[in-house]
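Next come two complexes built around chain A: one with chain B, the other with chain C.
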Partner chain A sequence: MDWKPLVAVVAILVILGGIYYIYSGREKGPESVRIGIVLPLSTASFASAGQECYRGMQMAVEEINSNGGVLGKPIELVVKDDKGDPNTAITVATDLITNEQVPIIVGFYSSTVTYATMNAIKQYQPIVFVMGASSVKVESLVGKERWFFHMHPWDYHRQGTVIDYFLHYIEPTPQKIFVAYEDGVYGSTSYSYFVNMSREVGAPWDIKGEPFKSGSSDFSAIILKAKDYDPDVFYIVGYPADYPVFFRNAKENDFNPKLIFIVAPEFPEYPKDIGDYVAGVDVWSPYLDIPQAKDFVAKFQSQYGRLPEYWAPFCYTAIKMVAQGIEKAGSLDREALISGLESVQMDSPLGPVSFKQTGNTLHQVVDKLYVVQWQGGTVVILYPDEFKTGELIYPVPTWAERGG
Partner chain B sequence: MNVDLLVQAVANGVLLAGFYALVTLGLNLLFGVLEITNFAHGDLIMMGAYATLWLNRLAGVDPIASIPMVFLILFGVGLAVYLLFFKPILKAPAHNQIALTFGLSVFLQSLALIAWGSDLRTLDIPYVSKTVSIGPVTLGYGRLIAFSIAAAFTLGFFAFLKWSKLGYAVRAVSQDPEAASLLGVNVNRIYALVSGLAAALGGVAGVLVAINLYIHPYVGVELTLKAFSVVILGGMGSYVGMLVASLVLGISESLVGALFPQGSGLAPGVAFAIIVLVLALKPEGLFRR
Partner chain C sequence: MAVAEAWLEKRAPVIWILGMAVALLPAFLGPYPARLGINVLKFIVLAISFDILARAGQMSVGHAAFYGIGAYAIAMLSVHKGVPVELGPLVGGLSAAAVAVGLGFLTLRIKGAYFSIGTLAFAEALKVIFLYARKYTFGAQGIGIEPLFGGNVLLSYACILGLVVASAAVVRLLEVTGVNYALAAIREDEDAAAMLGIDTTKYKVLAFAISASLAGAAGGFDAGYTTYVYPYEVFSVAISVAAMIMPIFGGLYTLSGPIMGAVSVYLAEEILRKWIPQGYTIVYGLVLMVSILYLPRGLRGLLLERVAPALRGREGAS
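Moving on to the complex of A and B:
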């Protein structure tokens, strides 16, 4: 008899059992306050943000626990990887609600995944604090629910800032804007908001839009089309992986708009050689002159050796807000916790934060955005005025003027 | 669109085709000789990109100068992959081989994620960002370097196949392993050599990815798809077909993207439409091996 298959099966079962033992032991400490976490930790375009968010959460937990925890107990994160996949996210979120019975779930990144998950779990009415998901489709689904709390600005906050900046801060006001947008929910919704809101405020510019597939290895075609249109501003709504390719292709094709403008331009390995003078809208900046932001950046840098991306302070702040909410509630009772969260007010790396009513959302944290520009390898904050550290360079030098 | 931009679009398409050819070469070689469809090929390219990154960051090696080292490193990886994974499944049904290479792909991605994290990384190499103008056409050094390296390795590989003794042996095994074995060719060694070479060529493509794109555990996913498009269109195992298909895809993507409304979103779809059309008319691809 060939024993090999049987031995293999037994070996696999022993390994799986060992892993379960280790992890179940970790997750079910009886003397802790357990917070459910759902993040994309291992998927193509989303894992970077998910892991950065998790780093911020871990920093917050370390700080809270070293100061005695909440309700006299340490905080414990029950972490689930949604892999950026809606079905996985629904499964792990349902598991956190029904099996793990955590009092609150914090996390979620993409609009598509969050929409599908909220739709599936709303029957349980769990308390969720969503970090990402800027699409208003999510807002219209659950924004008015008392159990729904939201960190990231919505589409209209972002596009409102962009339009306000283009309209009132760029001299002369741009007359032609080419928008290259990724063809998913995030890019398409952002584009339609930009077009509609521009129309509503009577903005003077013509807009030409072109979708692209995020993660492509060449964007020369869209660059040539934009070059043919000859815009004042070339506005790209994509993900960090797309931007270096866009900048390189713009240079290779000698495309010289007066300004290249992107979403979330401050990521750790920003390509400074080709990305100088690029401006963009961001929800946070490590260069903010806020004491808590400076402290957070210093701690993050000493731990990880680089500047944080905005997901780290977002998620750090979220755990701190949840901890304060639990303290205010005095228990993990659902209604008490919702009321506790509603009364949270604190200073944070994002500035003073609380849950405010905005648009169609009962509990929104961030509604203010920043406009920044890379100048000489560093970031200059241009907007809003109270955080301004420099002036916009516009029009930017051509590639030839920069040395070819 | 004016004529200058049209010429620029064609030039971009040709440069892109060179890159596609090198991305595909290893995959095509492996299928041509071992008849294994390797879904982990893009992940070997990803490993080449990381090898370039770390050689640059830790030892200050210029990416172009790192090509021989990356070639050798990935040759070793390919050899290990052959001994551990490919050799045991050489005679297995095709669907088992595909399942294995899918698994290998996920394994390599997870390994990269654990080892180097999910941070997006870029290499700042000043000369790569320079450009040169030839008439109405502007060409980036990065793309030109990529095209030149791709052309050199592709032609070098063809010369190796055609004129070296080992190349003869590879071709013989590719055509009929049993007959080659009877003529004294050590088929197992040729398989090992080809696996190493396929990964090494992927590694060189990884150097080009590192200097022209970005470095991330999942950067190979799109490249695997692209390589499969080229191989299927050109005909599995055909090198002439591979070159023609690379040109067809590179130029068509560039022109469709630049000429048609919403063309940048359409371009990948058009590439696949060409594949479907060609396969409907000529199921074995443009060129039969």
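Moving on to the complex of A and C:
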């Protein structure tokens, strides 16, 4: 008798039963305030940001719960992995809204996934607090909805800062800029904004753009195109996992622009991968001279043994804002919660935060950005002037001059 | 096994009625179960679509190509020409079938692994084409379209369930018209089939076109249901792998196999995701590995070899 099929069934049942046993033992917390979380936790190019965001959220929950929770109950995060995939994100968001019936969903990272999800779930008008999604395509879809709250600056905030910095802080002003941008909603709209806003302010530089697929393992082709163009600034608009690949390929091909400039340069793994001199625009820095930022950095370092990347304080702050919003609402009633969130005002690792109306968004948190540069294994803040801790090194040494 | 098949065949009407009742149930349990139900039904169509081509001995590892064509056909027509998204399954099915007929005459001379690689390359090539034809496709930014039936879940559910019934009817038609025998002969030995007078090219193109039209119809449906189409999603390897794994897991060359495969694989993933928010993909992979290693004839094989004889024995005893 062939026992293999029965062995298979028993093995599968044992695996599933074991998992059920482990997870059914968890405290479900009917007496808790449940917050839905949708983040990319298992997809290579997005997961580092998603995981960092989740770390920040967990820190906030620990602090809130150790201080008595909200409305006298502990906060419980109901976490869903969207895999950086629109269809999965829509499914898990629908689960949170209609099945888990959480009062609010916090999370979302990529613009593409967020756009697709908001388009599909707007019929339910859930309260969502979106962490990422900088594309104005998302803003034009749901920015004016009362149920939509947004943390990250929009494209125009970021490109405005970049252009202002290139124009007024780099000497001599760059004449040729090569923009490598990821070809999704985020990168494409960022590039469009950079080109259009450069024209609007009469910027003197020529721009050449080239899209790339985020998550690729080699960008040599685009590096060689950029090398032919010989730009002053090589500006990359991508996701965290893309940058080290670009830098490695730039070094391999001895591509030496006067400056490599990226979005969000303060991911902890960058320095050892790329060395110094990379500059970029960021929404937060662990080197900010803000008391709450210093406290947060110290706590994060003691817990994880390294500096946090900006998603950690973003998502930490988001959970704190939601908690305060719930307290102000006094209940989880939808309308009361929206009003409660609208009245949130607090100091945070990002500085003083609240939900403000900006552009076409009714509830926007962050609209200020920083420009920083890695120098000697640490980050120097270059912009804005009130937070400045050093000067830009420009042009940066060539790969040959750096040695190694 | 043949006795068990006959036993099941006798009870087919009851099984189908029960199956339809179970398939309808999620539609009335709320939006989330309805969404799960719709996803399962969509994958059933894809799995049946893959299985029809497999019956002709052709293993497509790029089935997302036809799914993507279907999705983009309705998305582009909707955005540029105002065609209602409700026509998605029809438009998607016809577009994919038209492409498949043209492609079939060119590629179906290729056999075995070479055909599989060809389908993979075709899906990847389409992805690149749709990424770079930005004027019409909006590239990687994708196309946002109006929701199917204005977001009415019940109507969407009825639509995809109708598509499943149509797919099952097509399979049944292949079986009663004898086309299935021609495909089986081609699968077992194409040269011998040709010597017996079977027009192998005609039947392979026919299988290819039917298979593609069902995949395209699923894509055309999903475009309106998801309300968003972009190349990395609709031409993704994940879609192709799902279309391949589900019928293999359930049991190939049958109607019930792909259905069982789609239901069990999709629901297993969803249940695991709920239990293990992080790292469920590892367990999911483990379960699939164990299943494929120890269930060579798929779930249907297990049912016929173990469960049906047991039931038959009990009936006999009573």
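The rule is simple: the second predicted complex is superposed on the first by the 370 of 404 C-alpha atoms of A that agree within 3 Å, B and C clash if a C-alpha of one lies under 4 Å from a C-alpha of the other, contacts with A are read in each partner's own complex, and residues count from 1 in each chain.
Following the convention adopted for this analysis, a contact is a pair of C-beta atoms (placed from the backbone, for glycine too) under 8 Å apart; a residue touches a chain by one contact, two chains touch by 3 or more.
A quick note: this is a predicted structure, and the numbers were derived from the prediction, not measured.
> Check whether A:Pro240 is in contact with chain B, with chain C, with both or with neither, and answer first, second, both or neither.
First partner only.
> According to the stated criteria, A:His150 is in contact with first (chain B), second (chain C), both, or neither; which is it?
Touch status of A:His150: no partner.
> Check the residue A:Arg248 against both partner chains and state whether it touches chain B (first), chain C (second), both, or neither.
It touches chain B, and chain C stays clear.
> Quick check on the superposed pair: does A:Thr112 touch chain B, chain C, both, or neither? Answer first, second, both or neither.
Only chain C; A:Thr112 stays clear of chain B.
> Based on the superposed arrangement, let me know which partner A:Asp183 touches: chain B (first), chain C (second), both, or neither?
Both partners, chain B and chain C.
> Give one of first, second, both or neither to describe whether A:Trp399 is in contact with chain B, with chain C, with both, or with none.
first
> Is A:Pro211 touching the first partner chain B, the second partner chain C, both, or neither of them?
both
> Now for A:Ser42: first (chain B), second (chain C), both, or neither, which partner does it touch?
both
> Would you check which partner chain A:Ala221 touches, where first means chain B only, second means chain C only, and both and neither mean what they say?
first
> List the residues of chain A that touch chain B in one complex and chain C in the other.
Of chain A, residues 41-42, 183, 211, 213 contact chain B in one complex and chain C in the other.
> Could you please specify the touching residues of chain C with respect to chain A in the complex?
30-33, 35-36, 39, 131, 139-142, 144, 147, 151, 222, 226-228, 230, 232-233, 238, 270, 272-281, 283, 286-287, 290-291, 293-296, 301-302, 305-306
> Which chain A residues qualify as touching chain B in the complex?
41-45, 47-48, 50-51, 180, 183, 210-213, 215-222, 224-225, 227-228, 240-241, 244-245, 248-249, 251-254, 267-274, 399, 404
> Any idea which chain A residues touch chain C in the complex?
Contact set of chain A toward chain C: 2, 4-9, 11-12, 15-16, 19-20, 23, 41-42, 79-81, 85-87, 90-92, 94-95, 97-99, 112, 115-116, 119-120, 123-124, 137, 141, 182-185, 188-189, 211, 213.
> What does chain B use to touch chain A in their complex?
So the residues of chain B in touch with chain A come to 1-2, 5, 8-9, 12, 16, 19, 110, 113, 117-122, 124-126, 129-131, 133, 138-140, 142-143, 209, 212-214, 216-219, 221-223, 226, 253-258, 262-265, 267-268.
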